[in-house]
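In the two complexes that follow, chain A is the common piece, with chain B as its partner first and chain C second.
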Partner chain A sequence: MTSAGATIDFKNVRKTYGKFVALEDFSMRVEGGEFMTLLGASGSGKTTALNSLAGFVDIDGGEILIDGVPITKLPTEKRDIGMVFQNYSLFPHRSVIRNISFPLEMRGVARDEARRRSFKALEMVRLDSLANRMPHELSGGQKQRVAFARAVVFEPRVLLMDEPLGALDLKLRETLQLEIKEYQRQIGCTVIYVTHDQSEALTLSDRMAVMDKGRVLQIGTPEQLYDRPQSRFVAGFVGSNNILKVQSVEEGFMTLEGLGRFKGDGRHLIPGGFVSIRPELITIRHGGSGAHMAHLSEAVFFGNSVRYILRAADSKEISAIEHRRPGQDVLPLGTAVAFDLDTSDLVPLLD
Partner chain B sequence: MTRIVLLVYFVLVTGFLLLPLIFLLPISLTNSQFLEFPPKSLSLRWYREFFIDQSWVDATLVSLKIGFGATAISLLLGTLASVALVRSNFRLKGILTAIFIAPLIIPSVVIALALYIVFLRWRLVNNIYALTIAHAMIAMPYVVMIITGSLRRFDMTIERAARILGATPVRAFIHTTLPFLTPALFASGILAFFASFDELIITLFISGGLQTLPVRIWNDLSLKLDPTVPAVAVMLTLVSILGMTVGEIARRRNERRYQSNPISEA
Partner chain C sequence: MKIRWSRTILLLTPATLLAAMLFVYPVFGVLSLTVHDGTSFTGEPIRQVFNSQLSIIVLQRTFVTAATVTLICLLMGYPMAYFMAGLSPRKRVLATYLILLPFWISVLIRTYTWIILLGREGILNKALVAIGLTAEPIQLLYTPFAVHIGMVQILLPIVILTCLTSILDVERDLVKAARILGATPAQAFWKVLFPLSVSGAATGGIICFILCLGFFVTPTLLGGRTSLLIANLIDLQVHKTLKWDLAAVMASAMLAATFTCLLAYWMLTRKRAEFATGGLAR
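Take a look at the complex of A and B:
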């Protein structure tokens, strides 16, 4: 069950609903076999992008190409794309195995051959013992696995997944994330995966695209998006970075609005521009004193780490994540702490 | 206290609804020539009479033919109309919906008269096919009301899933929406069938010499009245109860299958 993935090109795609613009100048190239994730807040146009590739919506402008061939004139069923939906969308009247053989049936594959291939797909998702169950007799995770097997049984070169794990609990989601990644490696198809969960996107993707208001803001590897966000939106969306404003840059010093002067090189920064810094790169010293003092205004316990919100002298807030050794107490709210940051960790943002 | 009041109320209402039946059954089982209550001696004589009398059997066959024909036509056209009414958006949608429901609201006599005038002009009186089509029109509102209601609750992403997995629009409909609609089709089919099977007024106007079962009963009433009529009534009731039961079983089975699918408007 291998199919070399196809390349997908969105070229300046535009989609409007009446006056509302759902996709605007949406461009993205996905390489063959790549796992691409669309990440964005609710209403940012992720589903619309997938649906226009699947042919469920007609686009108003631009072009979509699979392997360089324009497909926007092709009806949905001729696009040869696999798809997994958020609410599974299994056929309630068909048993598990007949759900999976449906795409083969539609393609005129002989009955025995279809059965054999469906069983193979079912074995891949390790549900071969449930072949004759009806969908309403399955758990959420099992349904999702069946939906996945059904989407790949005909060896499509493109697989679309629209928040396939959205309805499942966290634990199951993490298990299935690993499985999906593993199956995709086996199959080799190109995947476009939609989620609004940034950690899911970081875990799964070869590359990811952050969307807002129907546009792609930034495309890159998870490391690139995590380490070097280009805009305030991306910095805030991927990994909840601190976004700070540079007040002034002097020789060997720089001033961040609301936080004070920091020693270090700031030549890569522009006064008046915004910078981002990851919470785990803010260091705190308990009980000590230093150049930068703040009060703890909030603490969130994660087990292996604690996220603190620090309130600096003139009420500017900044979040810091501290790794935690066993037995180490979470500091009480209101505690005065000293904090510092390394100015070379500041990432300049373009807007 | 309220429980007792409710119970009494329930018994009274059900009793009122069942009263005609409670009388009909014993009357139909009489051994006498006449309608009598309570019967002096019991027999199945009048049931036998029904099957022996060729005119009763013929009338039943005519009614069955027209009933099945009208059901088939109204199911087919009614379902197609429902799909259009629910899934597409056009300007005259409201008016069209009203037209499909109208035969239920307009008094039968008015429809009967209108059809009579038209059928007379087109020489369609005394024509079983024309009568079937007229019955299909009477049956259509039941189909359209039930099927549109059911279609609105259908999760379109299931049909989309079929499309992306390789089904043409028609095949996707057949493999996903149609199974979902089966119980609704069944229920509306039963209603449509009985709408036709029971129909008297319109049939009287346009049937000419054609005798359907209700027309035969009607004719019997105006000539002589023997206990065959209550026997026919009891048999009709049993057949309807059977149809309703099968329909309800189909509906429950379907409900179980769809219950875990969140209904979403797509």
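Take a look at the complex of A and C:
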């Protein structure tokens, strides 16, 4: 079960529902065999983007191409795309094996051949012992695996997944994330995966696109999005982040609003602009004294690390994550600590 | 949730008492009439009914009429419901109101209107004569045709609405899933939507059938001598010939038929509940 993944091109796609604009100037290229994730808050247009590729909605402008061929005139069933839905959408009146053979049946594959291939797909997701169960006799995770097998059994070159793990508990999500990634490597199809869970996106994707209000804000590898967010929205959405305002930049010094003067080069920063810095890049010195003092106003224990919220002198808050060794106590709230940061870690944001 | 029994009993008592007085007691009265003549047990009424040519013919006719009317209602109602399911929610509400509109008019009046439409001097006959399809007005009123059409008109809304519910109960994503997996709209309908909504439609059919069995006004007003149904015959035995025991036997037979239908209905709804949704909803 392998297929060379197809490239997908969204070109300035626009979709409106009445006066409401769900997709605006939505452009994105997904390379063959790539695992692309659409990440965005609820209502940002992720499902709409998938639906317009699947042909469930007609777009109002722009074009979508698969392998360079425009498909917007093609009816859904001719697009040869596999899809996994959030609520699985298994056919309740068909057994597991007949659910999986459905797409083959629709393509006129001979009965025996269809059965053989369906079994192979079922083996891949390790559910061959449940071939004759009905969907309502499966657990959530099993349903999702069946839905996955059904979506890939006909070897589509494109696979769409709309929050496929949204309904499952955390543990199962993590297991299935790894499985999905593994299957995709085996099959080789191009995947567009939708989620509003940023950690899931970081785990799974080759590249990811952050969406807001029907637009793509930034596309890149997980590392690029994590390390170099370009906007306040992306900085705040992907991982946790401190977003700070630059007050002034001088030779060898810079001032951050509410936090004070920091030594270091700030030539890449614009006064009045925003910057972000990850909590794990803020260093804390316990009990010490230093140029930058703050009080702990909150502490969240994670096991291997602790997240502190520090309140600086003029009540500006900043969060810091500190790695923790066994036996190390969480500092009591109200403790005065010194903190510092390296100005070269500050990422300038465009808006 | 824990049921508070004392309150439940208190709330249910009045309705139960009323039902017992006005329903259970008389029904048992009727049932006892079929085998008991007031002084001793007897098989005479049952034997008389089932030996009588007339009652057998009318019984048969009642079942055939009920089945035909139900079939017509389903054949007209399901496509209508399918159409309505495809409308936007706002238009669907409007359509539902339109379909329920006839319920605001009494069955009697709705039935009388057919007399105006189908009579010898009725609109239909006038039109037929005018366009030259027939030279003479044809007999439409007081025929089985008139009875069927009258019954369909009254029962169709019920069938449409039960079909609509059963179609809307099918998760929309299932049809989408079928399409993206390669089904044409027609295949998605026959392989997914229809099999999943047909049992719901069948329950609508059973309700329709049961209601047909008790139809009285329509055959009385629109039917001739040859289209009397069992309710008319029971009425005849009660009011004209005063053979209450025979009326009781016929009524009991209908009751048995109704219960059989209800059993089928119950089994169907149970099966539906089992795989009502393919996904999480349960």
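In this section, the second predicted complex is superposed on the first by the 351 of 351 C-alpha atoms of A that agree within 3 Å, B and C clash if a C-alpha of one lies under 4 Å from a C-alpha of the other, contacts with A are read in each partner's own complex, and residues count from 1 in each chain.
Rule of thumb we're sticking to: contacts are C-beta pairs under 8 Å (C-beta built on N, C-alpha and C of every residue); 3 or more make two chains touch, one makes a residue touch a chain.
On a predicted model such as this, the values are computed, not experimentally measured, just so you know.
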Quick check on the chain A-based superposition: chain B and chain C, clash or fit? clash
Once the structures are superposed on A, label A:N87 by its partner contacts, choosing first (chain B), second (chain C), both or neither. both
By the touch definition at the top of the document, which applies to A:M106: first (chain B), second (chain C), both, or neither? both
Could you tell me if A:H136 is touching chain B, chain C, both of them or neither one (first, second, both, neither)? both
Would you check which partner chain A:A41 touches, where first means chain B only, second means chain C only, and both and neither mean what they say? neither
Which of the two partners, first being chain B and second being chain C, lies in contact with A:L333: first, second, both, or neither? neither
Which chain A residues come up in both lists, the one for chain B and the one for chain C? 54-56, 75-77, 79-83, 85, 87-93, 102-103, 106-107, 134-136, 150-151, 154
Which chain B residues qualify as touching chain A in the complex? 155, 157-158, 160-168, 171-172, 175-176, 179-180, 256-262, 264
Within their complex, state which residues of chain C touch chain A. 171, 173-174, 176-184, 187, 191-192, 195-196, 274-282
Interface residues, chain A side, partner chain B - complex: 54-56, 75-77, 79-83, 85, 87-93, 102-103, 106-107, 134-136, 150-151, 154
In the complex of these two chains, what residues of chain A are touching chain C? 54-56, 75-77, 79-83, 85, 87-93, 102-103, 106-107, 134-136, 140, 143, 150-151, 154, 167
